[in-house]
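Order of writing sets the chain letters: A, B and C. Residues in each chain are counted from 1.
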Amino acid sequence: METPRLIFSTSPHDHTKRTTPGAMFHVLVALLPAIAVSLWYFRLPALGVLLVSVLSCLAVEWAVTRFMFKRPSTLADGSALLTGVLLALNLPAGLPLWMTAAGAVIAIGVAKLAFGGLGCNVFNPALVGRVFLLISFPVAMTTFPVPLADGVTGPTLLTSVKLGTMSPDELGMMPLLSGDMGGSMGEVSAAALLLGFAYLLCVRVISWHIPVSIVAGLAVVDLIAGYPVIPDILSGGLLLGAIFMATDYVTSPMTRRGMLLYGVLIGMLTAVIRRWGAYPEGMSFSILIMNGFTPLINRYVRPSRFAPRRKEETA
Amino acid sequence: MRLTFKKGGIHPAENKTASTRIEMQPLPMTVCVPLSQHIGAPAEPTARRGDKVERGQLIGRAAGTVSANVHAPISGTVASVDNAVLADGRPGRVVIIKADEESHAADTAAREEYWKKVADSSFGDTSNDPHTPEELRDMILGAGISGMGGATFPTHVKLKTGAVKPDIMIINGCECEPYLMCDDALMRNYALRVVQGSQLLARAAGAEKTIIAIEDNKPEAIDAMRKAAAAFDGMEVVAVKTKYPQGGEKQLIAAVTGRYVASGALPISTGVVVDNVATAFAVWQAVATSTPLIERVITVTGDIPAPERKNYLTATGTPLSELPFTLPENAKAILGGPMMGRCAVNLDAPVTKGTSGLLLKSTGAKRTVYPCIRCGACVDVCPMGLEPYLLATYGRLHRWDDARQADVADCLECGSCSYACPSNRPILDFIRIAKKRSR
Amino acid sequence: MFTFLLTVALLGMLGLIGSLILYFTSKRFHVDEDPRIDEICSLLPGANCGGCGFKGCRDFATRCVKQENVDGLFCPVSGQDGMSAIAAVLGVKAKAHARKVAVLKCAGSCQARPAIHEYMGVRSCAVMDSTGVGTTGCSFGCLGCGDCVAVCQFGALSMNPETGLPEIDSAKCTACGACVAECPRHLIELRPAGKNDRRVWVACSSRDKGAVARKVCSASCIGCGKCSRECPCGAIEVKDNLAYINPALCSACGKCVEVCPTKAIHATFSINLNSAES
């Protein structure tokens, strides 16, 4: 044989270094500040919820792909791990561990794998898990431990505002940024979340479009309703949702313009639910609602073509 | 503002590490000249087995409107006119010419003499060329020139404009493909000849203005070309942004003139004709020295030792294996650049008019393919504003009508989508199928 | 109690309004259709394979009714009996139609045609074909990725891991032509099944010159023309270094199968050597 065996393939022969597990990894890194803050404030219970959530998500993913799909394991793509972390950060620190595990089963088993696994789900798995728990166990899901105080629980700012026991400005800026207040594990510290946002923008895993338009949408409704904008942005799950949940690739639109539309509507829906709905918090619901509209947005908000189609020449 | 096209595009690692000197690749003793080195009908052989041919003699005549002449790259005896296995492994009709010691020595001497003359700037001034555009086009047809950027469309056909008279001639020196440096080397070493050729091309097309566009990662080439073009009227050298696929015909027209070629229309509809710098050089050779296209500069580069990464002036028909390189482990031999180049499986196949480079890559482990996570990277990078993920799905599911509706025909197969996909999905592979079957 | 009654009344009203809307919609948009179309549809396989040349089974049924007979129409899946039943619905008789089956015009198994290049990419014949020759030296032969197997709706095709070639189960083949359209190298041909299922075909598509073809594949047709000279029916023609047996003229005697030096001609029956020698 004159020449050794040559390898052939179709073009292109060069490829970006970005990978899907790489994107998941970057999001996990971006979540580290928020995880650190929640572990600092809520201590052992938070660690328990985080570990149970992550381990159950991985276990469900492994078991379903192994025994029901009979396909190779998909744990390596990192998506189940990320869902586990995100689910935990959306739960109150003191949640009973079996409820956490149930949420993980719903998140991975129902919201993700029942639709066909990574890339096929319509709704954000972690949020489906959270909303399932919120509706099934409303009391446990709205019992928020007070930071650094063992066994003491208290309402969140948004709950107090809803009940009329507190005005939105009363807490001041510091607790909102540092996270020294009641709330879900990951949502309390705005500063940690913004740090994560900056990281994600730097490594170009997400673009600014969705988070910024969500905040803008919320601000517009707040201004109309005469509600203070800044505390509304920094409190509750808005930043966690806007930076980490709504930007989930699978369930958000593909084009920049679609992302803007999607973001603005999430922001407005959230503000509407917070102001006039039955729940003090509306981020999860509005993201899930807009997840449902994402296919429609993809269908109608198309990228602009290089040049318009040539007009049919009329004789 | 750096000139570029509106949307999409990628920035792959450039890897332009070859030397910019142009080495003379010795003439081979045997050449295998394919009769189809261009898009369109293969040339009709005019030489028969046993014929004595001279270097530069016509051995294949253009057959039909879209076709190009083929000439003998060396003197010698026609050994056969037959089918041979070409680079992609498929058979094609070729003329095989064998030289003897005597003719080889004579050819080599004549070639050296010729390139000395080309390097002498006092020789071959074509600025007052007396030929009419028609005559120039005939000379280009006679010299068998076809687009040397890789698409190999016969140049005389492109210049024969119909209803729309072009006003701008763009000479494409972008070389946006990573690794390749043959155009860069040509512009640095033969700037005057490229500019003279550009002027001739513009005259042949009837365009008043000539714009030579070069990506701004080649400052030396831009300088050399600016210096050479200074003496010419209506000739401008512009730097365009380094971005793939800047050298795509439609993208380049948009970047340089701001005109956008409509979907389904030909570039000429905007009054612009685009030709490659190597084509311009070949046109000068044809007009000033009556030399047909039998030699070209090709880049040999890739995962080979750095001193071997060079540009060679190579006679067409030279077997690829005669070029000096060490084949890397798990080698993939690519003709052209890494983005649009095609794999060669037969290294005994010849260099052709469209071979801009031989890229030898050592392939690593197979990349894992993950499901599409709808991240939109392919949509972001598509320079045509298409939705590659959707077209690929249509291709995979045999939905040809939907693919046609989604303008699959606009795809220029630049490969940006497959490049950018974080899930390593073979997007372009399925778009190609959809494009082919939805026609 | 009142709340209860109100709920019942409201829901009842809603139901009533809904049913009225449905009733009027179905009246308003009712389309008169020949009931025979439905009847014929129920006789068809419902696979919408397109083997009849129409868009789907319903399209075919509509055509049958429109034409009021089944001349020139044939559902390869239903076969002759099925067509007779359809003709009976229309009150006519179906004409006899020769059954066809798919045959593979390549015998380049892994043994006969070893791989000399390595492919890296999607396992799809169409994709591999777009790169050039494929993994073997033959640019005409089977690529072995099984695109044809994937499109067969009747399970008549399967890849043989031993040879790397698809195998056609002629009993299941309905000659719908999906695989014929899918093969990027046009290696599958629909040929008449023949009397007593006897048929002969050239299992090669290489138009390379004999020596070249032989070098890359030991089972290739080398265009020697022996079969053509041997054939008593004049059914075999050698063109571009490749023999083709015209099924209309072939008597399936099997003489060509014996003389082929590369065994490139395949038959569905075994050749009785004794009778051929006598």
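The rule is simple: a residue touches a chain if its C-beta (ideal position, glycine included) is under 8 Å from a C-beta of that chain, and two chains touch if they have at least 3 such contacts.
Keep in mind the model is a prediction, meaning the values are calculated, not measured.
*Asks:* Max contacts between which two chains?
*Replies:* The largest set of C-beta contacts joins the chains A-B.
*Asks:* Looking at CA centres, what chain is most distant from subunit B?
*Replies:* Comparing chain centres, A lies farthest from subunit B.
*Asks:* Quick check for you: compute each chain's CA centroid and the global CA centroid, then name the chain with the smallest gap between them.
*Replies:* Given all protein C-alpha atoms shown, the central chain works out to be B.
*Asks:* In whole angstrom, what separates the CA-based centres of subunit B and subunit C?
*Replies:* A distance of 42 Å separates the two centres.
*Asks:* Please report how many Å separate the Cα centroid of subunit A from that of subunit B, as a whole number.
*Replies:* About 48 Å separates the centre of subunit A from that of subunit B.
*Asks:* Mark out which residues of subunit B touch at least two other chains, giving numbers and ranges.
*Replies:* Within subunit B, residues 332, 342-343, 345, 363, 426, 429, 432 contact more than one other chain.
*Asks:* Could you pull out the residues of subunit C that touch at least 2 other chains?
*Replies:* In subunit C, residues 116-117, 120-121, 127, 130-132 touch at least two other chains, as defined above.
*Asks:* By the touch rule stated above, which residues of subunit A touch at least two different other chains?
*Replies:* 6-10, in rising order.
*Asks:* Where on subunit A is subunit B touching in the complex?
*Replies:* So the residues of subunit A touching subunit B come out as 2-4, 6-16, 18-23, 76-77, 117-120, 249-250, 252-256, 302-311.
*Asks:* Show me the residue ranges of subunit A that touch subunit C in the complex, using the header's touch definition.
*Replies:* Contacts found on subunit A: 5-10.
*Asks:* Along subunit B, where are the residues that touch subunit A in the complex?
*Replies:* 5-7, 10, 12-13, 178, 250, 254, 260-265, 269, 321, 327, 330-334, 338-348, 359, 361, 363, 367-368, 370-377, 379-380, 382-387, 389, 407, 410, 413, 415-416, 418-424, 426, 428-429, 432
*Asks:* Tell me, which parts of subunit C touch subunit A in their complex?
*Replies:* 116-121, 127, 130-132
*Asks:* For the complex, give me every residue of subunit B touching subunit C.
*Replies:* 83, 85, 87-91, 332, 342-343, 345, 363, 366, 398, 426, 429-430, 432-433, 436
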